[in-house]
Amino acid sequence: MADDVWLSSLITETPQKGFELAIKLARMGVKYTQPSAEVRDKLRAVYGEDADSLILSSQVVAVNFQTVAAANNYWK
Amino acid sequence: MADDVWLSSLITETPQKGFELAIKLARMGVKYTQPSAEVRDKLRAVYGEDADSLILSSQVVAVNFQTVAAANNYWK
Amino acid sequence: MADDVWLSSLITETPQKGFELAIKLARMGVKYTQPSAEVRDKLRAVYGEDADSLILSSQVVAVNFQTVAAANNYWK
Amino acid sequence: MADDVWLSSLITETPQKGFELAIKLARMGVKYTQPSAEVRDKLRAVYGEDADSLILSSQVVAVNFQTVAAANNYWK
Amino acid sequence: MADDVWLSSLITETPQKGFELAIKLARMGVKYTQPSAEVRDKLRAVYGEDADSLILSSQVVAVNFQTVAAANNYWK
Amino acid sequence: MADDVWLSSLITETPQKGFELAIKLARMGVKYTQPSAEVRDKLRAVYGEDADSLILSSQVVAVNFQTVAAANNYWK
């Protein structure tokens, strides 16, 4: 993973693309801890039906979106 | 979802509209992980009656509201 | 709820009034997800006696208080 | 509680007094939700022996300490 | 505890010492709530073997490290 | 651990290396609390298969990434 370039910049064209980058960051945070795509897919089937897991996921996105939004000076 | 434009700006007219945008961001954070409206509706019926889920939801809104408020220079 | 004006400014006279606004924001975060006052009252009776729920609630207030305090330039 | 003045300033003489103010803010966040001292004392006996509750409490303090530290320009 | 001076400055020589101060702040957040060293030692034996407790602890350190890093202007 | 130098700077060449530093900070937050590599390896096998643990881990990374990104002025 360290050899893949998956994050070359925090700058995005629009707030929405910034939000989508925040989602990617949240997923990469999981991927570094659990590199197996097979395991992650299995888990996603479970937590995608669990309200608290979904709310927690949304919070990780929110924290990452703060970073991306600040990097983009809030697209002002 | 990536084709829909649902977030073109973080700027809102009033703090209250900013808070409502924060709620939208929290929900979109869930929607990207669980795209099925049917599943989300089913889960909402459950977590809407669970105190901890509601408190966690409010926290996600709070984190997103920090971002929106900063983007709007706190509506000063 | 969208028709009610309940948040017209983040500016408060004192830090304490700012803290109380943070509490209001935390509660509104819950209210938008669970609009029924009856359900919320029932849940409050439960989580008011649960230590972890109270600590989580205090955290939501803390996150909102960061926003309100920054908006008021920390009442300096 | 709204009639008591318990927070007139975020400014403290030292970082340590700032940390202690952050603890007070965390406790007040609980107190506004559960005003009964009797209930809070009962709960404290329980969560004081629960590792996760203590860690969560420490997190609420940490979030409030961010606010107090920023208000004091980090005592620089 | 209030009589002990344990935090006279947020400034540290290096980022690593700042991280170690963040750990101290996390522990002090627990200590103010549970002053008994005996109870804390007993709990540490438990949560030191619990993955979620360790992750939550790391999060409290992360929040405190934000404060310490900002105080040190990120050691730039 | 205090004798090892593992963090001499928050500055990284790229956002991706910054994200990887955030992961390291999250792991060090665990390591200071649970110094035994053997115990940590055993726990990792468990939480690597638990969705909520992975989401929580990703959140710790997100909080640390805020710090690293700010230190690097968002690599702008």
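Each chain gets a letter, A, B, C, D, E and F, in the order it is written, and its residues are counted from 1.
The rule we apply is simple: contacts are C-beta pairs under 8 Å (C-beta built on N, C-alpha and C of every residue); 3 or more make two chains touch, one makes a residue touch a chain.
Computed from a predicted model, the values in this text were never measured in an experiment.
Student: What is the touch distance from chain A to chain D, in steps?
Tutor: 3
Student: Chains in contact with chain D and with chain E: which ones?
Tutor: none
Student: Note the rotational component of the Cα superposition from chain C to chain D, reported as an angle of 0 to 180 degrees in steps of 5.
Tutor: Answer in degrees: 60, to the nearest 5.
Student: When chain E meets its copy chain F, do both sides use mostly the same residue numbers (more than half shared) or mostly different ones?
Tutor: different
Student: Relative to chain A, which chain has the most distant C-alpha mean position?
Tutor: Checked the centroid distances; the maximum from chain A is D.
Student: Among all chains, whose Cα centre is located farthest from the one for chain C?
Tutor: Taking each chain's C-alpha mean as its centre, the farthest from chain C is F.
Student: When the centre of a chain is set as the mean of its C-alpha atoms, what distance in Å lies between chain B and chain C?
Tutor: 16
Student: Once you find the CA centre of chain D and the CA centre of chain F, what distance in Å lies between them?
Tutor: The computed centroid separation for chain D versus chain F comes out at 27 Å.
Student: What whole-number Å value describes the gap between the mean CA coordinates of chain C and chain F?
Tutor: Chain centroid spacing, chain C to chain F, equals 31 Å.
Student: Counting only residues that touch at least two other chains, what does the list for chain A look like?
Tutor: Each of 44, 47, 50, 52, 56-57, 59, 63, 66, 70 in chain A touches at least two other chains.
Student: Given which chains touch which, is the overall layout a line, a ring, a star, complete, or other?
Tutor: ring
Student: Starting from chain C and stepping next to chain D, give every chain of the ring in the order they occur.
Tutor: Listed around the ring from chain C, going to chain D first: C, D, E, F, A, B.
Student: For chain E, which residues are in contact with chain D within the complex?
Tutor: Listed in rising order, the residues are 2, 5-11, 25-30, 32-34, 39, 43-44, 46-47, 50, 52-53, 56-57, 59-60, 63-64, 66-67, 70-71.
Student: Which of the residues in chain E end up touching chain F in this complex?
Tutor: 14-16, 19-20, 23, 44, 47-52, 54-59, 61-63, 65-66, 69-70, 74-76
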